[in-house]
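Next up, some structures in structure tokens.
In the two complexes that follow, chain A is the common piece, with chain B as its partner first and chain C second.
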Partner chain A sequence: MSPSIIVVQLLSGLAKAMVLFLIASGLSLIFGVTRVVNFAHGSLYMLAAYLTYSLTAALPFGAASFYVSVLAAAVAVGLVGLVIEVGLLRRVYKAPELYQLLLTFALVLVISDVVKLAWGSENKTGPSAPGLAGSVPIAGQLFPTYDLALIVFGPLVALALWWLFYRTRWGVLIRAATQDREMVAALGVDQARLFTAVFALGSALAGLGGALQVPRQPLTIVMDTSIITEAFVVVVIGGMGSVPGALLAAVMIGVIEAFGVLVLPKATLVMTFAVMAIVLIVRPWGLLGRPESQGRGAGGAIASTSAVPVPRAAIVALLAALVALPPLLPTFHVWVLVEILAFALFAASLHLLMGTGGMVSFGHAASFGLGAYGAALLMKLAGVTMPVAFVAAPVVAAACALVIGFFCVRLSSIYFAMLTLAFAQIAYAIVHQWYDVTGGDNGLLGVWPARWLATPLRYYYLALVACVAGIALLGVIGRAPFGLVLRAARDHARRAEAVGVNVRRHQWLAFVIAGFFGGLAGATFVFLKGSAFPDYFSVPRSVEPLVMVLLGGVQAPAGAPLGAAIYKILDTVATKYTEYWQMVLGVILVTLVLAFPRGVIGVLRRG
Partner chain B sequence: MADVVLEVDRVRKSFGGVHAVDDVSFALPAGEIRALIGPNGAGKTTLFNILTGQLPADAGSVRFRGRPIDGLAPWAIWRLGIGRTFQITATFATLTVLENVQVARLSHVRRSRALFRPARTLELGPATTLLEQVGLADQRSRAAGVLAYGDLKKLELAIALAHDPTLLLLDEPTAGMAPAERGALMALTARIARARGLTVLFTEHDMDVVFATADRIMVLHQGRLIAEGTPDHVRAHREVQAVYLGDAV
Partner chain C sequence: MKITRALVLVAALAAVAMATVPLGAQQPPIKIGEINSFSGIGAPFTGPYRSAVEMAVEEVNAKGGVLGRKIEVLFRDDKGQPAEAVKHAQELVASEKVALVSGTFLSNVGLAVSDWAKQNKTLFVAAEPLTEAITWSKGHDYVFRVRPNTYQQGRMLAASAGKMKYVKWGTIGPNYEYGKRAWETFRDRLKELKPDVQVVVDQWPALGKIDASAEVGAILAKNPDALYVSLFGSDWLAFVREAQKRGLFQKMFVVGILLGEPEYIDPLKTEAPEGMLVTGYPWYDLTQPAHKEFVARFTKKTDKNPVLGSLVGYVTYLSIFEAIKKAGSTDTDKLVAAFRDLKVETPVGPITYRAVDGQSTLGAWVGTTKIDAKRGVGVMVNHEYIAGDKVLPSADEVKKMRN
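This part shows the complex of A and B:
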């Protein structure tokens, strides 16, 4: 590698880092003060990018139009953030943290379709920045002037933020709030206004990042999901709530990615998440973050009461219908039912972790994907028969969960969630980039059931037996001593240790069990579709069961399958009638969260 | 002299430059109920956290029935037969009162990882007996999170007794309760302890409770043990009066 390439790669890494920093600092701020993990942050970034694109074309200021548009887009997105906070989030601060997450996830769906509706799904090439359009020779290579400007601009924003935090009263309050919210409230600060202002500022930073990205890359409607995972990585590595940490981590990630492309082009995706996993394992609270002040509300991420008994008659009736009805249904509906069954099991397996164990995983897709790919690869590479692959797949997923869980259960709350996300992303990256074995993007095709199982009805009954047995077993485990002790550890980990419970060991076992059944769900799904794709490991696939569990109600194991059924039916129906099903789904989710902050089961029980 | 249950030898712990526990040594004979008193910040809770494995000591050793226990995890120390309660009540809030005790029992009989039998029917007898002993049997089906404060303290006691411990460590067992209730709860604790032949070490701010219950009393001040003896001895101790009772009276 010649020195000139090194210089240029370093610079382009830094330019990327500056954009990352803008987005991540906003995300970090919002989390630090409001404790909301804002999944919609990437959507705000995307929105600002598209706004800049259109405004630049529309404004009459000539060369200045672009710069005015950047500012206007950042301000506009800041206002959108303000509306979101006041109109929606504020209503659910009292609800368990996860319902806020569900709300921001719903916004991801809505904003994504709004952008599609307004700008269409084709990629757009944005304007270049007037005056900064060309390249300058650096170390004998041409380097984009705009990127150079970004490298100057990023630190200026950092400096402005520093001034805001360390030289204004408002900044002092924000710093105080990131460290001890309750104390700031006790000091008589108007918390509601502080939260609103922080959310608007954080959103504006995301907007600024999105707007500045326009000359650098084409606009696509998947900008939101690709940036949000990167932003999370940066925030977690830097330390949740730490703006200097976000700067440091953004530079690290930007540079690592830039050089990664040169050194190990096949492993770029893996690298960032591997770095995040290592940081989390060695320093769970991030490079410049502080350890969570434990105790207050510890383990109470989700308030949950004892299980709601579901009437036996209802279960028997449901099972009877599931056995008797499918032969009367059109094939398409049978397929939908299989999918619902797979996801019901997938959600139920996550419920053991997040409901019973209080361990919220953002990476449960790993088990699903490992089950699916496990089955597919066993057939393709090892040449085993389909029934054997179907049974062995959950074992593969459980074995991987044993390794992943070993590291994850050392952490708690949001850090646990982020480490699970990191491992899922690592798995995603490996599957995505290891073409020779996994087929990469093209996936693995022709993963069909054995001949004697290949009719829709026969496969349906296999799925019914596998998934119902899985859900039933998870129910039994939840009610067994293990489930009871897991709930106890969730309620009060220290108390549980002080009655002789090795909490980590129990959580680890829960992780493996959840991995096993998540893998069974993945195996059921892969033989339904006949193919496995990297997106089985993707973030949305991890969020789906989370949404299902929350939708159904986290306090009852029966809520997970119920939520899965509701989600999948909504999904199927909405897809049939409109191209913009994500928006419909998002609006329904928002409504549900605002109307039933305890999930559907919680309402059924009361009513 | 009776067998020594707990032997603490020159234990130290400092935070920054502050010696929270400074060269503390004592031995606790079997069957004794001993109080550890001292003003706020004397180091009582720190010492408790060292004894129960929540905090590592900087120096010194802790032996339980002759066996060194420093460096063991809290759950491992519990397994050896040391039960504890917390200064800030710690129960499993969403579990019922009965389930709270069942968890401790299931852990004791090493069934906490059983996967396929309903927990509902396990360890019912012993758990119910414990609840009867502390007077909570009629509340067994309520969630621990909704109990009155005094009942939470009783539940903690039942949990601490669940594994037939040899030694009970109670960190301010009556803190936050009404004065009348305090005496009653401590009398109940003492009665159970004597009936079972338990050794008890407890911290307490209520001097009436301390002098009414303890066989012997130790006084901790600024991390050091400054006196140890019978209630009468401690009451008459000049240094204790100066640094401790002097402040309070």
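This part shows the complex of A and C:
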């Protein structure tokens, strides 16, 4: 590798890092102060890019139009953030933590369709930055002038943020709130206003990032989801809430990726996640983050005091209906019921982790995927029969959860969540690349039930038995002494330790149990579809059960299956009847969150 | 009040008119299930496909439909997820009783639907997925495919590239099956034609997530004589902008599979690189009267120029109509039999669905890119249509792959 290549590749990495930094610093700021895991951050980034594209064409300022548009788009998106905070998020701050996540997920859906409606779904090439459109020779190679400008601009923004945080009273309050927001509130600071301002500033930073990306990257309607995971990775590596950390992590990721492309060209799928996993295993709170004060359940733990009572008669009636009705239903309804059952179990297994254990996983798709691939590979490679594969698949998932859990349970809150995501992504990359065994992205085909089970009704009853048994067992585990200990560890790990509980070992076991039942859900699903694909491990597949648990209500184990049923039915109906199903689903979710801020099952709560 | 009364009258008339329609129709319509990626990563390319499908259906219904019955297409969004596509197939067949299922854009979605069709003995007409596996290694009796696959297009390009002087080759493509196979088939054929070819760099960015700056740097570092590109969509657009600034196109000859298709060259406007060897669809130059009419009707309907997806959508549904006519029924087995050796007159000439693997003989155009200053977009020049059957393996070879 010649020195000139190293110099240019380093500059490439830095330019990318600057955009990443802008987006990640906004995300980090919002999380640090408000504890909102803002999935819609990528959507705001996308919105700003499209606004810049249209404004540049519409404004009459000649060469200055682009720069005016960048500023205008950042401000406009900051205002959108303000409206979101005041209009929606503020109404659910009192709900259990993470309910805001459900709201921001709904916003992702809505904004995605808004962009599709306003700009169409075709890819677009944005304008170049006037005056910076060319290149300059550096070390014997041409390098884009615009990228050089970004490398200068990024640190200037960082400097401005530093000034804001360390040289203004407002900044002091922000830093104080990041460390202990209850204390800041107790000292008489208007929290509501602080939250609004932070959310607007964070959104504007996402907007600035999106606007500045326009000359470098084409506009697509999926640019929201492709940036959001990367932004979270940067935030977590840097340490949640730390702006200098975000800068450091962005530079690290940008540069490692730029050189990684030279050394391991096929590893781009997984490189950032591998880096994150290593950083988190070595430094559980990111590079510049601080350990969180115990007992506040920051970002992860959902404090719920009492379980919501679900009338026994209702459960018996539901079970009776599930047994008796399907023979009378049309075939497609039976198939949808199998899918709902699989997801009900999948959500219930996540509930054990996040509800009972207070461990929010962003990577639960790993168990689902391992169950599905486990079953498929046992049939294809080991040649076992379908019933054996069906029963053995959850064991495969549990075995993998044993390894993954070993590393994950050392972490807490959002860091735990992101490490689980990293492992799910690593699993995704392996399945995606290992063509000889997993079939790569073309997946494994022909994974059908045994012939004696192959009618829709027979398979339905198998799924019913497997999933209902799984959900019931999870309920028993949650109420058993083991579950109570998990709750104790969730609510106060140090006190639990003080009375002799091995917190980590309990959490580890919970992780394995959740992996087992997630695997059973995956196995149920794979024989319904007949094929397994890497997207079973994808981020959306991890987010789905999270949304289901929150939608149903995290306080009761029954909330998860209920949420799964509601979500799947809404999704199936909306997708059938409208092209803009994301908009419909998003608006319904927002309404449900505002109407039932403790989940739908919360209506059963007395008083 | 007057207005209200007039409105009531109009509404009443409309109601009467609507009520009489079913009386006129003799038979229920023939339903066809169309599954495609209307959201997610395939979404930028499926809009024009859908418009052309609607156009084909309107045209055939205006002529009285097929077998005296109207055609009705039910569109479903697979969101780019194979499992979602299977769910739609289940719904379309079980609840809507469609005669057959067609569509799909992404290869893995196509394979999932194909496997479901095999298991459930349903006819599946794969429109756009390019993977060879659909008709060969994972092929079966119930699947037919319209577009020329990666193998065919790779060989078309290799035939031209093999005559050139370039020895040191590099490649960049999305890190999934399409990108890999597009390169391997090209490389293998190129080495047959020109044994001294060596590969000095291969770059595989994740689909939809290219870090263009770093990738261009990696290619320039190895300085190949020629570069084979199987990027598409947003990855390709990002790559071009960066490569233009870094002078990549001046330093090496570039071959691009699919990159002459309007889907991928139009969004680049005048930034499109000139002098690339590509496969594509030069709709603006084709002189067949049937094609000129197709373009005129499509432009009139959508106010947009056609893209390859439009042609594929149109040809797919023409083929389906022909098959139903030939079968004289919507019975699956009869349709499958009808599709074997089915001949279809398309706007770009006659094609046949091979009995041995269900692959159509629709071909592609190979040419060189150039900027059309008047329209402000890149176009293909010196292009030649290569029929699909000229680059397909023989029946014996196919039979071996299908076992």
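Everything below uses one rule, namely that the second predicted complex is superposed on the first by the 585 of 607 C-alpha atoms of A that agree within 3 Å, B and C clash if a C-alpha of one lies under 4 Å from a C-alpha of the other, contacts with A are read in each partner's own complex, and residues count from 1 in each chain.
By definition in this document, contacts are C-beta pairs under 8 Å (C-beta built on N, C-alpha and C of every residue); 3 or more make two chains touch, one makes a residue touch a chain.
Worth saying up front: this structure is predicted, and the values here are computed from it rather than measured.
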First, second, both or neither for A:123, with chain B first and chain C second: second
First (chain B), second (chain C), both or neither touched by A:325: neither
Partner chain in contact with A:469 - chain B first, chain C second, else both or neither: neither
Which superposed partner A:266 touches (first chain B, second chain C, both, neither): second
Touching partner for A:192 - first (chain B), second (chain C), both, neither: neither
Comparing the two partners chain B and chain C, which touches a greater set of residues in chain A: C
Partner chain(s) touched by A:8 [first = chain B, second = chain C, both, neither]: second
First (chain B), second (chain C), both or neither touched by A:183: neither
Partner chain in contact with A:497 - chain B first, chain C second, else both or neither: first
Touching both chain B and chain C, residues of chain A: none
Contacting residues of chain C [partner chain A, same complex]: 38-41, 43-44, 46-47, 75-77, 79, 81-84, 86-88, 90-91, 94-95, 107-108, 111-112, 114-116, 118-119, 131, 133, 138, 175-177, 202-206, 208-209, 211-215, 217-218, 220-221, 233-234, 237-238, 241-242, 245-247, 267-269, 271
Sites on chain A touched by chain C in the complex: 1-2, 5, 8-9, 12-13, 15-16, 112, 116, 120-125, 128, 134-135, 141-144, 147, 215-218, 220-223, 226, 257-258, 261-262, 265-266, 268-269, 330-332, 335-336, 339, 432-433, 435, 440-443, 445-446, 448, 525, 529-531, 533, 535-536, 572, 575-576, 579, 581-582
Interface residues, chain A side, partner chain B - complex: 303-306, 476-477, 479-485, 487-488, 491-492, 494-503, 506, 509, 513
Residues of chain B defined as touching chain A within the complex: 52, 54, 73-75, 78-79, 84, 86, 90-96, 99-100, 102-104, 106-108, 111-120, 122, 143, 159, 162-163
